[in-house]
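There are two complexes below, and they share chain A, which is joined by chain B in the first and by chain C in the second.
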Partner chain A sequence: MAYSDKVIDHYNNPRNVGSLNKDSEEVGTGIVGAPECGDVMKLQIQVQDGVITDAKFKTFGCGSAIASSSLATEWLKGKTVDQADQIRNTDIASELALPPVKIHCSVLAEDAIKQAIADFKNKNPSSAESVESPATRS
Partner chain B sequence: MSEKFIYLDHQATTPVDPEVFETMAPYFCQRYGNAASRNHSFGWDAEKAVDLARQKVASAIGAQAKEIIFTSGATESNNMAILGAARMYREKGRHLITCATEHKAVLDPMKALEHQGWDVTVLGVDDEGCLNLEELRQAIRPDTVLVSIMHGNNEIGTLHPVAEIGAICAENNVLFHCDATQTVGKETVDVGEMGIHLMSFSGHKIYGPKGVGALYVRRRKPRVRLEPVVYGGGHERGFRSGTLNVPGIVGMAKALEMSLELRETEQPRITALRDRLQAKLFTELDHIKLNGHPERRLSCNLNVSFAFVEGESLLMGLEGIAVSSGSACTSASLEPSYVLRAMDVGDELAHSSIRFGVGRFTTEEEVDEVARRTISAVQRLRAMSPLYEMVQEGIDLSTVNWSAH
Partner chain C sequence: MEASMLRQADPFARLGLLRAFRVVEGDLVEAHRAASLRWHPDRFALAGEAARLQAEDEMALLNEAFDILKDPIRRAEALLTLEGFRKSETTDMSSSPEFLMEMMELKEQVAEDIRENRQEALKAKHQEMMCLEWDEIDRIKTAFDQLEAVARTDNDTRTRIFRQIRALLNQINYLRKTREEISRALI
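Let's turn to the complex of A and B:
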């Protein structure tokens, strides 16, 4: 199967590989997938004043799964939590030109983002309002 | 990619040996007769070439020339043997026995028969891919017609004790079909000594052409009969109609002849290369597992699971190297190899498996290059694997509550 240039680029030069301190109040962690399914994604965001200042990932999975999570971390940085919540798997799939059999990789990335945000909100119940900057509520 | 291409997938197929190609060449444009044409020299010439090839193929496996039926390949041979024997002997009974790690070309015709009212027992294997012969013995019933067990497994390389299986079948008066596609020309194969009644093999696994194979059909003690799968002009003594693939048959015979001639030097050389690759991988990497039986396996085969690294992503990191992954992430089902599953390797390790297959033209430099690049790709991918990180932190992955999808 041929991979798109963007998938190959993310595979060869993954952005933001690594881990953030999962115990930090500022960090939200999402771990999705299962080893027996052939892919596990860990995605973390660091939030300061409602804005994602850092994002890291680690992925066990095929090249498309690695690329989906790598791209997700790129997109997350600089976004507010609400903006991040708007990222859809279809955006990731079309940006990476994923073939139909690899769409689930982008779904996994969206799930990982959602779980990381949920984890962050869980740790910071009061942040739910504070992150809603007027700019995101057009 | 600056590196030159390295082919290390010889269980999938092999290149045609140039000598084989040369032997085949005249049978395309000059000596193109139909072996069934009885009234001119073109036909006689082709028939002579096929007869000679049949003789060579037969003697390579300890058979008589008349016991060799040429086919389009091992898949056809397997279908012919299984469907043909089941239908021919349906009055005796409708029970068949096979094994979970067989090739799909055996399992699928079995499944087709199951839909048509036959009863199929699929024997399991242990974690090294070995059959329990006692289980086989117990599976045989009065209405059992055929046992189909392969010689060498195409994925993990495990060799089944064919002679012992043959003896069990003989004791119980049951036909024994053996898919020996991976072993003919490589391991010792003798249909008489092994008690084989039907045996499938092909040309392209032994440096011969694709599109040609053979089925051995025993003629004496017992004389095995088959209902044809392909009807027509009555070629191949009515077993398999269709104009004979003369260049292919000539090529397959030449390839088999060469394989046996070279075996004495090739077998140890290939084993040494395989062992060299294995030793390098196991020295440099932790958390890796050999799949298949450590000794009783094909000498060219090395199937390894690299824990915490997904197979397809590893293949991506081995650009320019042709190997095979046991993970089928490209299919919609996301199913890992059914062979590894049958061995209870665990789906996680099945997703992490790579099959390396050393061949006639493989060099030591190539093996070293593959080892070096595999090691560095595994290390790189583990550095971005959340599973490897968790294990380093001392987390037992089996205790994690995964969100399966």
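Let's turn to the complex of A and C:
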């Protein structure tokens, strides 16, 4: 099976590999696995004032899984948490031109994003309101 | 191959065995032998093309059912699929984040050992992981034994045990895949 140029690019030059401090209040961590292929993916976001200022990932798996998470971190930076929540696996799959048998890799990335956001919101229960607060005038 | 996998709805039924994790090897061999007699190619030597092809198909499925049931992990997977706890093709909903984090760390170490070509360390890890897998298989056996003692109407308990087995099987798969990586790096 041939990988697309974009997958190969992300595979050879993965963006944002690494870790953020998972104990930080500003950091949300998502860790997901795929039992069928044995892949494990960790994706972290750093959120300041409702905006994702940094994103890191670490993936042990096939080229498509690495590329999906690498692309996800690129997309996450600069987005608000709510915008990040809108990223769908289909966006990732079409950007990387993943073949049908590799779609599940993009699903894994979407689930990792969702978990990271959930973890962040869990640590910051009031974050949902604080993002909107600038609009509220006293 | 893939087509026959799809048709293999119930390897236990195909061999006329009760759905259970504990299978006596002699019973399995005997069930396979008995079922094979029915579809043996010799019996269809003079039959028409269609009947011969069907017999061939049936034999292939019987052999596959036998292979599935003699392997404890494939047998457990077959039972879970029949009960509606099939392995997820996408995201794992059974393993805890703690376990996945452990796997992540293990895979990180293995990747480093492979990069540095630390053969001794890799061999030791391979061994260690095989032991872990055996422990998991033992846990799966125990869980199926517990299941036997639960009334078929007690759905909550059955579901809880099936979920537990699902998680154990998933864990074995992560270990196996990592072990395969190590095997490829061993000289």
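Basically, the second predicted complex is superposed on the first by the 127 of 138 C-alpha atoms of A that agree within 3 Å, B and C clash if a C-alpha of one lies under 4 Å from a C-alpha of the other, contacts with A are read in each partner's own complex, and residues count from 1 in each chain.
Simple rule for what comes next: a residue touches a chain if its C-beta (ideal position, glycine included) is under 8 Å from a C-beta of that chain, and two chains touch if they have at least 3 such contacts.
All figures in this text were calculated on a predicted structure; none of them were measured in a lab.
Of the two partner chains placed by superposition, only chain B is touched by A:11; chain C is not.
In the superposed model, A:19 makes contact with chain B only, not with chain C. With both structures placed on the common chain, the touch criterion links A:108 to chain B and to chain C. Look at A:2: by the touch rule set out above, it reaches neither chain B nor chain C. In the superposed model, A:63 makes contact with chain B only, not with chain C.
Within the superposed three-chain arrangement, the count of touched residues of chain A is higher for B, of the candidates chain B and chain C. In the superposed model, A:37 makes contact with both chain B and chain C. Note: residues 31-38, 40, 42, 58, 60, 104, 107-108, 111 of chain A belong to the chain B contact set and to the chain C contact set alike, using the contact criterion stated above. Residue ranges on chain C touching chain A, taken from their complex, read 87-92, 94-95, 97, 100-101, 103-104, 107-108, 111, 169-170, 173-174, 176-178.
The touching residues of chain A, counted against chain B in their complex, run 1, 3, 8, 11, 14, 17, 19, 31-42, 57-63, 65-66, 100-101, 104, 107-108, 111. Residues 308-310, 312-313, 316-317, 327, 329-332, 334, 336, 346-348, 351, 383-389, 397, 402-405 of chain B touch chain A in their complex. Against chain C, the residues of chain A that register as touching in their complex are 31-38, 40, 42, 58, 60, 104, 107-108, 111.
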